[in-house]
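Both complexes below contain subunit A, partnered by subunit B and then by subunit C.
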Partner chain A sequence: MAEKKKFLIVGGGAGGAILANSLVKDFDVTVINDSPYHYYWPQLLQIAFRNDYSNLYRSLSSLLVKGVNLVIDRVKKVDLQDRIVTLSNNKTINYDYVAIAPGVTIEHKGIDGNEKLVEQYGDFHSTPQNASKVFDVVSNMKKGTFVIAVGDPYHRCPPSPYEGILLADEVFRLRGVRNDINMILAVPYPRAYPAETFNEVLEPILKERGINVMTFFTADKIDTENKKITSLEGEELSYDAAIVVPVHKGPKIEIKPDDAINQDGFINADKFTNQILKYDDAFAIGDASTSANAKTGVTAHLQAKVVSKRVLGLDARNTGRTNCPTELGFEKGTFVISDYNHPAAKVPANTINFIMKRLFADAYWDIIRHPEFWDPIFDVYFENTQPEVLWKLFR
Partner chain B sequence: MSEAKKVVDARGLSCPGPITNLTKAYRDAKNGDVLEIWATDPGFKSDIKAWIERTKNELVELREEKDKIIAIIKITAKK
Partner chain C sequence: MEEINEAELQSESLERLLHLVEMVNNILKDEELLKAISKLVVSEETFLIIDRLPQLIKLIEQLTRQENLEKIELMLSLLQSLDKQMLEKLSNAFKAIKAEEKVKPMSISKMITTLSEPEVSKGLNVMLNLLKALGS
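Presenting the complex of A and B:
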């Protein structure tokens, strides 16, 4: 039997781990991750508003199928021309194929004053420690103005600011302090939710819950002394407690040639095939890649499946499918489901969708570890919930 | 400081892709700069007008070509 080709995967998050487990039969697979742990990032919202740490992380080795090699180290450089990956200790590894999937870098300093603000009130896009600060704030605030503002429209999990404000509303209501707290959601978009169709689902809910929405407000500077946020568009917003969704940048990895990355460090990859430039042996998947139309786990998952098929010679292509479970508080939920050809469907808010989100979170680890079991289930699910189908159901 | 003209190509992005791309370019722009945005999303025309009204920058031209909508904006209101 011919020797298996070497497939290196940089990053062991949702995309990297699913890809590794899908390839191990046919390739000599090595995953390089900078931490021994795999984080389920949506849990940051559950920490911030429910103090629930249950699904935050697992050891990465427990999620990888037997036969996948795991290296815990930081990747310094990927040279696509010479097919060499350099680790932090300057050790080099060569490959036949590479997939780069290390996720984003959160840069609080990208918005003037946000480093100070996050120290005070936390956030739910960076670390569990910062998410726990949010829980302290929403558990203790008694009156005043509570703000969630978006500083970077290209953040992880598009629905997260909406989930954040609605879950904060739930906490305030359950504590009996909601009437004394003015809640504001400030967004860069022309309307509450960027996608006009999904906005028709979300805006009435925000209104019903008494949340004030400021549109065309991109948080740009924060004056923590005087508790004011100034927007790029030139307006001001006062707060008593505020969370500003931080700037997201690409991974801190040197990638050669230089034109493989854009000005924010994201890796330029084809949105249908995940291929990087002209290199048919190199792919970028998930949040780190420009091919992701939404920075979500489902995108990384589906892209991993596409890459795993392409390297076996199949003409698999991304459809741009999103499937973002969106929690609305008080045991209601919806999904943001769209693809390259269809805007987000108007999936109604109900309890079943909330339960689906919870079940998914509990099944997440098994989904990563056992693609052979879950792939057929997801194939059926994705086929029957195509935006095209949902558009006929929910008008 | 020299004034720059920059093209923001947001073709193929659906609503509000063009506005988020504009926002990104606006962050780096300075007064006097000209931004030319290309979009294919039909909602872009009303969104760009609303953006101009809110930010008080100058809409130099908004026109439709065969394959795209072009908005030319002069940055005048940046603080």
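Presenting the complex of A and C:
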């Protein structure tokens, strides 16, 4: 029996874990992760606005199928030319194939004053501790102006700012203080949501819930003493409590050659194949890669499936499919679904979509652990909910 | 060797079962989800459907008979062929008739003048074509 080829996966998030579990039969797979835990990042919103920690993390070893090797360490360097990965203790591991999927680095200091602001009011993109601060704010605020602003359009989970403001609205209404709180969503885009077509779904909801939208506002500086946010465009916004979506950068890993990463540290990968530059044995998937048109777990999942097929000789390609399940509060939900050829479909907000979103979240750990069980189900789901189909259904 | 394989298989099956139980447990602990499902299931509309289920089943049975399906398809193609503007005009005409409580008598000269109006003759033409089609 021929020896299996070595497949090294840097990062045990959604993309890395699914890729490892999909390849273990055909490769000698090793996952390197800097933490023994796998975090489900969308849960930060549930912590911030519902104080619900239930789905936050599981031990990574419990999510990887038998046969996948797990190394808990920080990767310092990946040399694509020599096919060598260096760990924090300078130990090196060589590979036949590598997939780099370590996720993003959150840089609060990327926006002047945001470090101090996060200390005061928290956020829902970085840590459970910061999400918990948000819950304290929305549970205790009685009056004033509550702002959610975006400083970096390339943040994780594109719908999260408006999800955050709508869930905050739900909390304020349930607490009976909504009439005394002015709510503002400040975004860098010409309309509330970056995907133009989806605004026909989102804007009426924001209007109905009395949320003010400030457009062309890219949060640039925060004066925490005078409680003012200044935008790159030169406007000022006063607040009593504010959350600014922090700047996201690529992983803190040295990757050789230098042109494998862009100026923000994201790994340059082909948007259809996830291949890094000319290296047909190296792939970048998920949030860390420039190939991710939306920084979400579903995108990482779909990219992992493409890579797993390509290394087995199949001509699989990314379609750019996004599938962002979104909660709007009061048991309503929607999905942002698009691909490279179709803008976001106008999927209406309703209870069925909320239920589907929650079922996805509750099944998350099983989806990671058992791709053999979920792949056929998702194949049908993605086929039947193609943006082309949805555009005909929801005009 | 076979015994070991059998034991491994059983352990894998047990593990799968435990994972499924964990997933079901996650769903059952999800208060928001259960609230949404309850609201969807226990609603005025669902009660109405349950209450009229026998009639609905009977209706579905009749509608899905082959001869009726064909008729429904014809009706649908007829609906698709109808001009929306024409239908709106027709609906307005009916509303006008309903609104007119008393029909005022019309002199013969007025009737001849009215018949010569292009819109009236267009309408008559449509009616005549329809009658012709029904008679053929």
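By definition in this document, the second predicted complex is superposed on the first by the 395 of 395 C-alpha atoms of A that agree within 3 Å, B and C clash if a C-alpha of one lies under 4 Å from a C-alpha of the other, contacts with A are read in each partner's own complex, and residues count from 1 in each chain.
In the analysis below, a residue touches a chain if its C-beta (ideal position, glycine included) is under 8 Å from a C-beta of that chain, and two chains touch if they have at least 3 such contacts.
Just so it is clear, the model here is predicted, and its values are computed rather than measured.
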Are subunit B and subunit C a fit on subunit A, or do they clash, once the structures share the same frame? fit
Looking at the overlay, what does A:Gly234 touch: subunit B (first), subunit C (second), both, or neither? first
What angle, rounded to a multiple of 10°, is defined by the Cα centres of subunit B, subunit A and subunit C, with the middle one as vertex? 90
Which partner chains sit in contact with A:Pro188 here, subunit B, subunit C, both or neither? Use first/second/both/neither. first
Touching partner for A:Trp365 - first (subunit B), second (subunit C), both, neither: second
Pick one for A:Thr351: touches subunit B only (first), subunit C only (second), both, or neither. second
Which holds for A:Pro257: it touches subunit B only (first), subunit C only (second), both, or neither? neither
Now for A:Pro153: first (subunit B), second (subunit C), both, or neither, which partner does it touch? first
Quote the smallest CA-to-CA distance from subunit B to subunit C in the superposed model, rounded to whole Å. 32
Touching both subunit B and subunit C, residues of subunit A: none
Provide the residue numbers of subunit B that touch subunit A in the complex, in ascending order. 14-16, 19-20, 23-24, 26-27, 43, 46-47, 50-51, 54-56, 77-79
Write out the stretch or stretches of subunit A touching subunit B in their complex. 153-154, 188-191, 194-196, 215-216, 218, 220, 230, 232-234, 343
In the complex with subunit C, residue positions of subunit A that touch it: 50, 54-55, 66, 331, 351-352, 354-355, 358-359, 361-363, 365-366, 369-370
Contacting residues of subunit C [partner subunit A, same complex]: 12, 16, 19-20, 22-23, 26-27, 29-30, 32-33, 35-37, 39-40
